[in-house]
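Here chain A shows up in two complexes: once beside chain B, once beside chain C.
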Partner chain A sequence: MDLLNPYTLQVITFLFLNLVLAVSIYVTLSTGQLSLGHAGFMSIGAYTASIATKTYDMPILVALLLAIVVTGIVALIVGYPTLRLHGLYLAIATLGFGEVVRVIMLNLKVTNGALGLTGLKSLGTRLYDLEKVIGIDAQTFGITVTQMKALSTLIVMVILFVIILICQIRLDRSRVGRAFSAIKADETAARAMGINITYYKMLAYMIGSMMAGLSGGIYAHITTTITPDDFNYHRAVEILSFAVIGGSEVIIGPLFGATLLTGLPEFLRVLAEYKMLFYGSLLIAVMAFRPYGLITASTFDKWKNRKSRSTSGKGGV
Partner chain B sequence: MFWQQIFNGLTVGSTYSLIALGYTLIFGVLRIINMAHGQIFIFGSLVGLGLAVNSGMPIWVAFPVSIIVSSVLGLGLEFTALRPLRKKNVPHLASLISTIGFAILIEELTHIFFGADSRPVPAVGTTVIHLGTVQMRAADLIIIGISLCLMIVLHYWIQRTKMGKALRATAENIETAGILGINTNAVIIMTVVIASGLGGIAGMLIGIAYSALIPTMGLTLGFKGLAALILGGVGSIPGAMVCGVIIGMSEVLAVAYGDSSYRDAVAFCMIIIILLIRPQGLFGRKA
Partner chain C sequence: MLLELKQIGKTFGGITALSDVSFQLEKGLILGLIGPNGAGKTTIFNMITGIFPPTTGSITFDGKSLVQMPPHKITELGIARTFQNIRLFGHMTALENVKVGMHTVTKAGYWSSLLHLPQQKREERHVRERSLELLEFVGLQDVADVRSDTLAYGQQRRLEIARALATNPKLLLLDEPAAGMIESETRQLDELIRKIRNNGTTVLLVEHDMPLVMGLCDKVVCINFGVKIAEGRPEEIQNHPDVIEAYLGKEDEE
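For the complex of A and B:
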């Protein structure tokens, strides 16, 4: 397989986009909140960024920042009342939020209704323009312009993902991260320990939503076309299943889930054709056999134990 | 004009009530929201409709077929997605996810078997009855009549029969009911079958109301039932019945006096508002 094939490059770019989404759902889940509204936030981010670049001709960086800010504000407004809800109710309320966003996007004039926004200037083209300014050309590397564009997009995406991942790991190990896991383990106990539940749940919800908004903005500028139906209920379920199938206890879980769900249909063409059948069966099977997800905190414990046992065996009598 | 809209709302709403009852029954017994309900009954209704139309039989034949197919799918749901999760100590949202998985599966099968095109439902009861300014199709009256009868029968069955008593006991506390000698697994199977069967009827009635069935309807109709469930208070049977009608009416009124394109958002706006003001729902008890 030609690695520099634009199609392959785009698939890998989408994989990294899904990895960012996986982190975003992981943050929200890390306080025990199940959200089906991430597609809605993604939609808001995508439309904000697209309108900013298309109608107001803003630079993409500003547009993406704007997407994050707008999604954050919406998350604040929506999150404050909904965070009082638990479990099933929260899931249904966020599901409702996503559907309301979709219907609004379908009907607004500025979003161009069901036809959506088309002809956005892609991230790759923008990057290539930038590269030409600083004197790098596709010919320098002996590849075509399309390849160069796809490659630049991928590199930016990888860098972005790594930054987000590092921030997330740092967050997990900080005071805030510990507060998140305390809330997830037992809300009442966490409150008794003096943790401000509303503040931390809101924080997790907002970080998750803003990340979804950012990936929405990037998604729009990779595909260059968005319609409200790109961010429907199925997208919400897809994002959620990254964490549910991979496991939401440790960060590796959702990342593994996203890689599995994005990668497998690419390698197995049969799966691509019946992608949704595969998704559905996988969800049922994983819930039946490993309800906490494929990768859990104890997966690594076992592995570490075995390793330490084998080393102690060697060093022992 | 206003009364006409109210009547139309009543017709649509009574089918929503039937859908919501399916959710309520399963939630009452299992404390699970069955996200696959809409997809299950639309599959059943499409099979029923297809069989009746292709064999040239009257549309009434479609009803038993739809009920049977939906119930069988309900059984499939119970054995693949619900029962395996009851045995172990699993997070309480796991069953929500596995029903979503089952929903995706059925939706895809619907797509493979029936495509995406809407299927016309042969017209029944085209006679129009005038009552003051309100025009009523006989079909509308049939829909309201069937829905009402089913609700009354269901109510009687739950409150007065021995099986209904077992169902209520299981809903109250599944373990205690088991200790007292109730075969809770049988009760659960019965509940899932009845809930899906009710859905099967609702699907056909909706087909008659709109003179068409669309394979992708499962999702949207499921959402309407879900909205009625939350609005009425999860687990409340009268709540589901009344709120189905309320949602049907508000939708019709929103279309008549507002903007028709926001129709699908009405139900969800209502549940978001109700969750904020009165999370236990209109008819629910405080937990």
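For the complex of A and C:
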């Protein structure tokens, strides 16, 4: 397999995009909130960024920041009434939100209805323009322009993901992360510890939504075409299944889930039209045999124990 | 007066759980709240900690009214509690549970956590040291890194106390801390509560273990069917005819 094949590069880029989405669903879930609204927020981010670059000709960085801000504002407005809901009720409400966003995008003039927005200038092209300015071009590396664009996009995506991941790990180990985790475990006890539940649930919801909005903005500028159906119910379920299949107790869980679900279809090309059937079966199997996901906190405990046992065994000899 | 309950009443739908209960708690004392099951003791705890407001009456702490104040603000003011049915954060280690308890006495927010500002790092070090200190105080230093839901029952009870103490409370509410404990554990608990009081924390104790209550408390309030039936020093309560009747029933006088 040619690693520099633009197609392969794009698949890997989408993998990293999905990893960012996995972090976004993990943040929301880390306070115990089951949100199915991430596709809706992705859609808002995608359309905001696309309209900003296409109609108003803004630089992509500004457009993406705008996407984050707009998604954040919508999350605040939607979150305020819905975060009083728990578990399944929240899932249903946020699922409804996603559908409302889809229908709005389908009917607005600025979003061009069902045809969506096309002919966006891709992130790769913009990056390549930038690279040419500072005197790097495809010939320097002996690859084609398309490869260079795809490679640049991938590199930017990897850097972005690493930054987001580091931030998330730091957050997990901080006072804020402990508050999230306490709320997930027991809201009453968390309240008794002086944690302002409403504030922290809203914070987690907004961080997750804004990350989804950012992913949406980037997604639009990789595919260069978006339609409301790119962010439908299937997308919401796909994002959630990263966490359901991978597990949501530790951050590795959803990351593993995203890798598995993005990577498998590529290897199981034969299954193509049965992809959703496969997803479904995998979901059922995981829920039946690993209700907390494939990777849980105790997965590492066992591993650690085995390691310490083997070292103590060596010590005995 | 640290805590003052004035004529508080609580109804759930048509059921009156509490009516017209008043008592006061002076700083530095241990007050025992006793009464048969269902008398309304936990309801009083829930109203003091803001889980739900009283239907009538007022609760003041350190001169401030607690009615309608959200639970996290009440904790910030200096009231901490444990729960009758232990409510630890099961998936966290003992140490992490206590760290959560330090939420109100620390400040680090979202950005300072992401950026690892020196101030945040210093705070984290302090949180760790103080939490370990508290674990040692309740005698759990050896199990700091053990998942709290795998601890022994008595250890979980003491961990809940350490977690509550982490909020740096002026008043500590203990809801049946000795429930399910064997005698040696109860003795340790007795010592622990005395130590807490000697450190300057006022204690309000709900408990069914009478020897513990009578030995430990400076003052005892007894309620039955949502009404206060007696208040006084432990020895007065032990001989109070209404208290005896509430616990043992009345002999038929035919």
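Assume the second predicted complex is superposed on the first by the 313 of 317 C-alpha atoms of A that agree within 3 Å, B and C clash if a C-alpha of one lies under 4 Å from a C-alpha of the other, contacts with A are read in each partner's own complex, and residues count from 1 in each chain.
Throughout what follows, a residue touches a chain if its C-beta (ideal position, glycine included) is under 8 Å from a C-beta of that chain, and two chains touch if they have at least 3 such contacts.
The structure displayed is predicted, hence computed values, not measured ones.
In the superposition on chain A, contact of A:L115 is made with neither chain B nor chain C.
Shared-chain residue A:I155: touches no atom of chain B or chain C. Touch criterion met: A:M193 reaches chain C, while chain B stays clear of it.
Looking at the shared chain after the overlay, A:V176 reaches chain C, while chain B stays out of its contact range.
In the superposition on chain A, A:L203 makes contact with chain C only, not with chain B.
With both complexes placed on chain A, chain A has more residues touched by B than by the other of chain B and chain C.
Once both structures are placed on chain A, no chain A residue is touched by chain B and, in the other complex, by chain C.
Those residues of chain B whose C-beta lies close enough to touch chain A in the complex are 33, 80-81, 84-85, 88, 90-98, 100-109, 111, 219, 223, 226-227, 230, 234, 259, 261-262, 264-265, 268-269, 271-272, 275-276, 279.
Residues of chain A touching chain C in their complex: 167, 170-171, 174-179, 181-182, 185-186, 188-197, 203, 207, 249, 297, 301. Here chain C touches chain A in the complex through residues 49, 51, 70-72, 75-76, 80-81, 83, 87-92, 96, 99-104, 106-110, 113-114, 116, 120, 123-124, 127, 147, 163-164, 167, going by the rule given at the top.
For chain A in complex with chain B, the touching residues are 34, 81-82, 84-85, 87-89, 91-93, 95-97, 99-100, 103-104, 106-107, 233-234, 237, 240-241, 244, 274, 276-277, 279-284, 287-289, 291-292.
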